[in-house]
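Structures given as structure tokens follow.
Here chain A shows up in two complexes: once beside chain B, once beside chain C.
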Partner chain A sequence: MTTWLSNTVVDHLRVVATWPELPGDRYVIERPIGRGGMGTVYVARDTLLERDVAIKVSNAPVAGSGLDERLRQEAQVLARLEHPGIVPVHDAGQLADGRMFYVMKLVHGETLSAHTKRLLGEAAILGVFERVTETIAFAHEAGVIHRDLKPSNVMVGRFGEVLVLDWGVAKAIEEEAAASATRVGTPGFMPPEQARGEATSTSDVFALGALLFWMLTDAMPPPARDDALRVLNAAARPPRRLAAIVLKCLASEPSDRYSNAAALAADLARYRAGQPVAAHRETTLERIGLWFIKYRTFILLVAAYLVMRAMFAFVR
Partner chain B sequence: MSTFAYACRVIPFPATRRSVLERIQSDDREVRRAAFGDLAEGYWRPSYHYLRLHWRLPAASAEDMVQAFFTAAFEKQYVERYDPAKARFRTFLRTCLDRFVQNYQKAERAEKRGGGQVHLPLDFPGAERELAAIAVQDRHDLDRFFHDETVRDLFARTIDAMRRAYDAEGKLIVFEVFERHDLRPSPDLTYATLAREFDLTTAQVTNYLHAARRRFREQALVNLRALVGTDEEFRDEARELFGLEIS
Partner chain C sequence: MNKPLLGALVGGILGVFDGLTALVSAPETAPQIVGIIIGSTIKGLIVGVLVGWYASRVHSLAKGMIVGLIVAAFFALLIAALPSPDGTHYYWEIILPGSIVGLIVGYATQKFGTAKVRAV
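What follows is the complex of A and B.
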């Protein structure tokens, strides 16, 4: 009699049939948690240190696919970038069948796609976004561009930590010339020049702008500046200075954007401190408004003092 | 002997496992007969379930129809007409079955059923028992239903072959660990529990599971190769089934 298999067992077999056979007995695969174009991520138990870890394994073991090399490169980039916003790598190696894998910290949390729905208000959104910008600024400083920033590549952990994931297509800035003609990234978050295979650090700035646009509006930025402004104003009604920061990031000409993530982070910090921003030339009225906001305590005290003096003079 | 590369290793591929189309077009009648044997083995059960659930044929009629269809497919050379550019082999075979049933019913030749036909030794009572377990929602998309039933049967035959092979090799314990962990999956079952149950170490459990899963994957691919029309279709099916790229 032939064995009968339920749908659950058939689905289970399809998954476990390609589970990686890790060398040694230190790591024990428990379940897959995500699959991308380059690799599959599994939750595994590190039996030596008795903790759960995440293991990313290259999908296609076929020689010449380039995926193993990309996974190796991702592990090296992660190992090079020690930052609270980047998942640390613990170990790396090769499976018996030749595929690359690396072991990293298991982050408990959710991607920005899910998390943003619970972020209420501009301050909360900018709080998370600033952490992403700081991480990318750190990478730029270390000579690395991410090239595939998008909501699903940002994770918010259960302690509020913000992590930038998936550095599989990241490139060293000095390799930019060599990277030309390689078209990587995600439509909507990818600037025009990256679609032509010419990514630079300003391409990450474009993606950051698209990410902030998405966080504020829950929509992808339209290609035309006027359309983007219209959607932004209709959905979020941000102050003009914040809208200007987003639009400066999204400029189609790389030279019109911030030169790197650090410049964007600095302008964003100025915005949050109520100072003039590089992205927007204030009118006289706006400058007075900003000046008032900045010195409002002093102005109110002086005003109160003057009112009291006037009242005393009147009573006498 | 043809070969295919999987997981950076080149796995020897038996000559008898050339594509269905190649073998059925062979001049050697025995090769053709063997190809039809594989075809019938791989598709009779999904065909039976399909006839019972989609065509709503009574059990006896469905049994006769399956026998008649595969006999006619061999004698009247249906499969030789398959054009890989038009559809996958599985879809082509299902369409042939649909037409066969329509013609059969139109001609009202039911009284001739079985007369002079060669009967294949098929386990229809077993297939009938399985009907109750097929979820109702699986029955709406016909192509999907036929595909799912083909995969179910492919896996089931692969597992039966594994059990026999491990038994013959005196390594039934490997199969039993695999059976306990992967054929009766439970979220509460840990490797440590399994090790205690079978009086093994945890490392042995994971090694046995790796070995059995590798064998399952390789045997399933060999069986799959015998059910598809072309190499390209084999690559597509392997990608859909396991997410594997076959070079």
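What follows is the complex of A and C.
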């Protein structure tokens, strides 16, 4: 008896045949969800714990190549950086053909690109951006630089959690300082020195500035400072102090930027609290304005009291 | 500084100031100004402690200010109910500004000062 398979089934089998062969029977691959230069990410079922996970598999043509090494490094960086803004790694190993893979939490959510379209107002944008900055600040404190921050590498989960993904090109800061000039990153989010292969923590600060610029304007920052300010003002009309923070991040000279993400986070917090920021020297008038805004309720109450007292004095 | 103490400090200072303003709003009360200032200061201290105590338990700017308003208005009413030597009552002159002082104390105790952390 001959059994015929439909074309759909045959096509499906062809696709499945290209999926990696995982060791053991704990993880069962269900479908691919993303492919980058270094690896492909699949949704898989963890049959032991009965939950869905994400598995990143090296795209290396043969086991033991540079891509395998980078995937291993990424897994190690993720395992080292235990933070709510970084996807936790559950497991790692080698495929039957020797290539590397690692298992991580499956994040249900959307990329920053999709999420930003629904963010209304500066406060909402800064709320999300601050979470990214805090995560990068944590990495810097742990001696790691990301080197490839961009909207598609940030994900917002269904509970509002903000996660920084793709640490595949992340490096230890001392290691990077001594490393050969390797050019990694994404044009537009990559500062000039990183394009020359000299990334430091200030390179991540540049990428954060580009990310904030993109979130505020939906455009990439132009290389020239004046052009960037013009686009920023035309698209978002941010307060001068916020524009100064963005432009300080985007300075072409690393020494003109914040020294790391923590310094940027601190200045953003000052901005949100209505305090003077390091990126912008306020005029006396601006300082008075800030003070008035900060204590407006108190000032209005005192004014109301004085007006009432004056009224009683004059009405008599 | 804890909130009841802060409330007492703010209430006391505003009480002194509030009492002194009687010289402007009701100059005929000048002979009794010492008594007015003492009374106004004691009122401010009591209102401050009560409103500060409330602020250390309830963290809500709106509720804190409303409680400040009500407590201060009540104590201002008690003082206004006492007639001056010529028998005149200064209800509005005492209750309205006094209530605003309560609002200020409510605002200050909600915004500033440290609340006690209770062990669970």
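Here is the rule we go by: the second predicted complex is superposed on the first by the 296 of 316 C-alpha atoms of A that agree within 3 Å, B and C clash if a C-alpha of one lies under 4 Å from a C-alpha of the other, contacts with A are read in each partner's own complex, and residues count from 1 in each chain.
Here, a residue touches a chain if its C-beta (ideal position, glycine included) is under 8 Å from a C-beta of that chain, and two chains touch if they have at least 3 such contacts.
Worth saying up front: this structure is predicted, and the values here are computed from it rather than measured.
One of chain B and chain C touches more residues of chain A, and that partner is B. After overlaying the two complexes on the shared chain, residue contacts for A:N59 are found with chain B alone; chain C is out of touch.
In the superposition on chain A, A:Y305 contacts chain C only, with no contact to chain B.
Judged by the touch definition given at the top, the superposed model places A:T297 against chain C, while chain B stays out of reach. Contact with neither chain B nor chain C is seen for A:S255 once the two complexes are overlaid on the shared chain.
In the superposition on chain A, contact of A:R99 is made with chain B only, not with chain C.
Touch criterion met: A:R35 reaches chain B, while chain C stays clear of it. Overlap of the chain B and chain C interfaces on chain A: none, as no residue is touched by both. Chain A meets chain B in the complex at residues 1-10, 12-14, 16-19, 21, 25, 28, 35, 40, 47, 59-63, 65, 97-99.
Taken in their complex, chain B has these residues touching chain A: 5-9, 45, 123, 126, 129-130, 133, 135, 138, 148, 151-153, 155-157, 159-160, 182-185, 191, 202-203, 206, 209-210, 213-214, 216-217, 220, 241-247. Taken in their complex, chain C has these residues touching chain A: 21, 24-26, 92-93, 96-97, 100-101, 103-104, 107-108, 111. For chain A in complex with chain C, the residues that touch the partner chain are 297-298, 301-302, 304-305, 308-309, 312-313, 316.
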